[in-house]
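Next come two complexes built around chain A: one with chain B, the other with chain C.
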Partner chain A sequence: MSDNHLALISHLMRRAGFGAGRDELEELSSKSYEDVVEDLLHPERQEDLQEDALKRYNLELSYHDAVQLWAGRWVWRMVNSRRPLEEKMALFWHHVFATAWYKSEHSPTIIRQIEMFREVGMSDLRTILTELARDPAMNYWLDNCENHADQPNENWGRELLELFSMGVGNYTEDDIKNAARAFTGWTFTQPIPLYPFGHYTSEFHYLPEDHDDSEKTFLGHTGNLNGEDIVDIVAHQEASYRFISRHLYNFFVADEPQVPAWNIEPPNDPDAIDALVQAFAENDGQLRPVLRTLFNSDFFRQARYRKVKNPAELVAGTIKLVGTYDWLPAPGQSVGALSGATSIMGQTLMNPPTVEGWHTGHEWIDGGTLNERVNFAVNQFNDLSSPGVRAIVERLARDGALSPDQLVERCLDLVGPLEVGDQTRSALSSYADSVGDVDLSTDQARTDNAGKVARMLQMIVASREYQFA
Partner chain B sequence: MAGNGSGKAPVFVVVQLTGGNDFMNTIIPYTSSVYHDNRPLVGIPQDQVIPIDDTLGFHPQMGAFKDLYDRGMVGIVQGIGYPNSNRSHFRGMDIWHTCEPHEVSTIGWLGRTLRELDPAGENPLTGVNFGVGLPRAMAMPGVPVTSVSNLDNYGLMTGIQSRERDQALDIFKQMYGPAIGAGPVMEYLSRTGQDVLSGADLIKVAPERYQSTVEYADNPIAKSLRDVARVHTADLGTRVFYTSHGGYDTHANEVPTHPKLIGDLSGAIYDFFADLEEHDADDNVVMLVFTEFGRRIYDNGSGTDHGSGGGAFVIGKTVAGGLYSEYPSLEPTRWVNGEDLEHTIDYRGIYGTILEQWLGVEAAPIVNGHYEQIHPFE
Partner chain C sequence: MARPYALLRSGFPYYLTMGQRRVTSNPVDIGFGEENVYVLTRGGLGSEVRVINWEDENLGLRGSGSFTWPAGLLVDEDENLYVSDEAKNTITVMSKDGDVLDTWGEPGSDHGQLDRPSALDFDAQGNIVVSDTINNRVQRFTRDGKHLQTIGGVQGSGEGEMNMPWGVAVDELGFVYVSDWRNDRVQKFTGEGEFVMSIGSSGSGKGEFNRPSSVDVDAHGDIYVSDWLNDRVQMFNADGRFIEQFIGDANLSKSGREYILANQVTLRLREMTDLEPTRRLSAPCRVRVDSEFRLFICDFGQHRIQVYKKEAYELSESQIAPPMRNPILFTT
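For the complex of A and B:
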């Protein structure tokens, strides 16, 4: 049963974080599953990453306009943070509140938005939506700066209801219009233009003279409503609990159809959604109890390898396995390579295609992106001197010599444990049979045979099953 | 009726200029005072323009292009665009890619076209993209498209050397065998994996077979078009090629940037057609060069901001060269939003022209409607 415990912790770390190496898994396995969940839910129990050294070696990070590098720094945090759920929740909200750099080309606000998700991502819906409504990147992205008392712009009001809280079918067009009017006057301080010193940052700014003070009716509430009132009402709707629960299920548990289908197609597991909705309702919209319910549930524990990894998960998880970019990138490496890798797999962080966000699940994969996913993972295992490969070889060496079957089993175990189907297993066995017994008992034998282990690992990370989290 | 008289299947090459090419500095209204008055910085002096006629001329870096034009191979589609141009690159490109101006779609017009050209998806090389990431234009569920970032090193396991790679590919093939009963996503992964394998297997002969006396320049678009030529001349059944040339978003520093881009493009297209001619492979190829939008009429002191009303080119041996549609009016009263050129022909009509008059595919279901076409194949 202890192996199953480790496998379950591994599943938890892939979903609530970006995976974990075997040493870390063994350390975590000394605790109960529920205690590991509690630690994840309380990131403040762990030290935050110190980034001074990273910045010393990536000088461009002192300059906010290098947005791709900042996206790389985010992947670097996913790899190294001792607070994995904090990073995972930031990614979750980035999926839901998709804001892209390409419209404003204003990096400081985009970078700041992700920091904000990191800070409040596990608080409560009211806080999160308030911060979102005040966020300059979002404000510009959905044109609330063009939302004036005498000339309302509905873009933000509409998406707040449709994509960020309640979902289609739970409000009227009049509710949208009144929500938009309530947010008139919500804008941001003008950043100094790009040249010659790079973009300045920008802050939330409220212009009372541009706010529509007349009476508004929103979801049955009437009065001189302001933006805070709209958020307060929205954040306590059951529809919002349900909509965000479905997002959480889709992101953490198993792939759902894409968001536009949600008011047509029922959830995969209606009972699971009900359990999350109930946790929201009983806790006044707080995220932490909902996540606790989710991670401790049977439906979560039973969902191993039921989700296609998003590119950030694939890249960060693979890097964690090989142990490169550990705290500091090696000389010559740039964290920009990390964001470059997710980009060619179809996920340019901080630059999602539209306000709808990325299409997830199997839509991550086409011929081109599968090619990139497989080659990226395989290439990470080319270097036999990487810490992760060396650690795996040393662990295997404890067994002395490995028969072909043992080589397959042990490598699958150390990569996940990864569960594979018959086809993959027999293909891996055919490779193992071709190399015969692998002797790792002496230094010389390890030098001679490490390549065979690495090749087995390469075949495993090339598999269909490895595409799933 | 579609056809090129050569008995070969018609082939279509798309070149996307990413970022919004400055049409007014590509086909220049060099005698217009409006042009010169509004572009004190980026405007091209009248005496440097390569004249087409009494009012329009090519950018001075486009000498090679002018050569093709003089040979009657270049149709210039003036004022191409769409109503209510949205100045977002993404939405703009999306609208061009999907022919859905009002909603976000993940299915591309060339994806739909490929389904018509190869309904059973028999050849993974019917559609080939050169570049990183599949353009949405080529995407459609169930339509295999091969997307190549580096033709000389394309395929799976390229980080593994020689015979060991063959073994790795063999294992990959076994691992991605039919996954009947393993669920739709696993089945989809299997099919995709097999498509990548077979596509890579088929396409690898292209660099092996190719020989040419044409020496392309060393720049990204020349490299991409050489890749198109290598695969086209290998005769692998590809009907639609796609590639992109980036960097056209010239808000700033347009004066050094744009001439280099447009010069590289012009030279690369010239070399491409010379290469095809050398291989006697040019009579069944038509190229469309497009961009998501044109740029603002007036410059901003460094470059030009996003605008509308751009231009496209239809190029090939079977094309009747010349000017198509109308140059957008420079009359200030006709400017859209007081600052943009007004489009004079809808891009979906140009797609329709190529679909129906070149590829022989009904346009309406692909471009979502009926739009005015031009007639460059007569």
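For the complex of A and C:
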């Protein structure tokens, strides 16, 4: 295998997943790039995760309530799943269809919404938008339970068009009003109250007696339209293909301006967006062919380290490197710590700030969050006994003794391969020169010098370049 | 007390619901004093011992802040409380007022050492049998932590082998029962540690388990297993034959009823919904059966204890037809 092939697979796994350790990268690199893409697009080819031990030692995962723990379980899945694109697409749709726990404080429906994204995230726009329209968490978040035949509420109808499918400028105010009327009667079953015995779930519920059966005109279609008709029309609009394509580009390829600017700021790469739109159009709104086009494109392959990692990517990717959250939780270890880490970096999973979701790219970084990002990554390498650190030391030990230059190059390679600029390289070299040759040839030497390797790894994950995917 | 020759099983009606969220939050085990009921809880709402009484009144907490992963609880004749902590690899002994009297246990895999001690039970002599999960064995200790015996210790799915055992129980004849968690079965051993029989396999049908979390045995020899991820408890006779299952029949506890009566919105919302799910078990962690044949189920996900009571009539050999080799269709 060529180094470039492995580096390209590493890029793919950072973007379509949450990174990969060196053993996994070497295994994947025995296949062609396109075959790895196909495996990612077909998660059913890989076994799903066994969560029994995770639940046994995080007992509250045996039912649906503790939302921070469930968010942590999601990060744990990002770390451990052999179906990483499934988790990545769930995160993608969570970004686009941002629904927060804080309004309802009803954990089961928020948890269920993410499960739904995992299940249908790679299907087609019509299916995804239909499931979204039927989702109790979304319904309550955007007040469609208050959308009655005699008293319409336009919140869901407006956001469906503005933020979830077509984008501003592609429909009229009348389209919004009529979309809202079409979704009258779409509500959810009343969940049993939290007290005295805990949460119970809720399901989609259609009330025909509360539906406005009069004629409506929406985007040129006239009739007694119901919610399914609105979704069907929206899911086949070129504007929807274009809007979701830009989201996909922003999430998987390179940072775009923030969403509210999209109707005035053109895409950074209009040709790339056109290619994705065409894939949508030729495949009736299916996601899988679009993702195939995206991952196999030159614009994707050439976009290495051009995207700021979102906190979930930073946390899950770093944990994958150190290997500390596997199938059996360590004594006292809670996956709630994983969601706590993304929260403090500005991304509280299952609880985005508004319906617009998170601002991405460089807006992930400010003085406070950068500090948290660097500290988190560095702290993970404090424990020399962690499986990932030990594995890196063992790999380096195959070279016996490492010169300062070798220490820098080999560690950069095993963390990514990570490409760094002159300033970072100079700082790494300065540290490597200060410790001199590092002997890892014997058990005793590895014990004595593993700390020097870990320190180098800490400096690498503290670098500017590590903030990028 | 000798076991009866046979039983007329009259029924197993629902008896009582105890506790509520933020009182008996996430119960993992239960024990009984003269007047008090001790409920071991674990999770974000508290990892401690909650004390209630039979009137469902909250009498306070014991051991708050002391435990990381409390797993098993025993209450002795003096109402001292024994709590295992599977993160700290210890057994803590507290008075009924919560004063720590002793802590024993050390991590490791040698005889007498522990790696994630989970369920606890007393044997007839008052010694403590501990499910030593990661070491794939159970061990017997005196109450002050002196090692007496090891059963198992080999990871696997063969007879006598175990895969992360969770529950353990000792019957009045001295047999030891282990819910062999990751093998989806219950194993029965003699007091000396010889394999006797196995019950169950993976699945959700009758007699099948999805990660059984605990086991207990009543004075008739009937065996109860909390079938954790199938959200039920299954009951077997002493030979391991499936008798019936319990999926939950809760009504409102006294404290729950008082809470709801003081909350108008809660009252209204309950009038707007289907209440059938409120009866059901969610991830039951522990079953215990007492000398009055009351079956206590720690209904982990619903923050309460569900209690059933067995109705059965003991039969002598002369009262029942002899065992039959084959089934018959002519049933009179």
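Here is the rule we go by: the second predicted complex is superposed on the first by the 467 of 469 C-alpha atoms of A that agree within 3 Å, B and C clash if a C-alpha of one lies under 4 Å from a C-alpha of the other, contacts with A are read in each partner's own complex, and residues count from 1 in each chain.
Operating definition for what follows: a contact is a pair of C-beta atoms (placed from the backbone, for glycine too) under 8 Å apart; a residue touches a chain by one contact, two chains touch by 3 or more.
Being a predicted model, the structure only gives us computed values, none of them experimental.
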Which superposed partner A:339 touches (first chain B, second chain C, both, neither): neither
Which superposed partner A:189 touches (first chain B, second chain C, both, neither): second
Partner chain(s) touched by A:147 [first = chain B, second = chain C, both, neither]: neither
Which superposed partner A:62 touches (first chain B, second chain C, both, neither): second
Which superposed partner A:375 touches (first chain B, second chain C, both, neither): first
Touching partner for A:324 - first (chain B), second (chain C), both, neither: neither
Which of chain B and chain C A:103 touches, first, second, both or neither: first
Dominant contact partner of chain A by residue count, chain C or chain B: B
Intersection of the chain A residues that touch chain B with those that touch chain C: 195
Footprint of chain B on chain A - complex, ascending: 100, 102-103, 195, 255, 308, 343-344, 346, 353-354, 356, 359, 361-363, 365-371, 374-375, 378-379, 382, 421, 423-424, 426-428, 430-431, 434, 455, 458-459, 462-464, 467
Residues on chain A engaged by chain C in the complex (per definition of touch): 52-53, 55-57, 59-60, 62-63, 65-66, 68-69, 189-198, 200, 331-332, 336
Sites on chain C touched by chain A in the complex: 20-22, 26, 28, 42-44, 68-69, 86-89, 116, 164, 166, 181-182, 211, 228-229, 250, 252-253, 255-256, 259-260, 263, 265-266, 269-270, 272-275, 277-278, 282-283, 285, 300-304
Parts of chain B lying in touch with chain A, wherever the complex brings them together: 88-91, 94, 104, 106, 124, 129, 132-134, 139, 144-147, 149, 155-160, 164, 167-168, 171-172, 174-177, 179, 182, 184-186, 188-190, 192-193, 195-196, 199-200, 252, 302
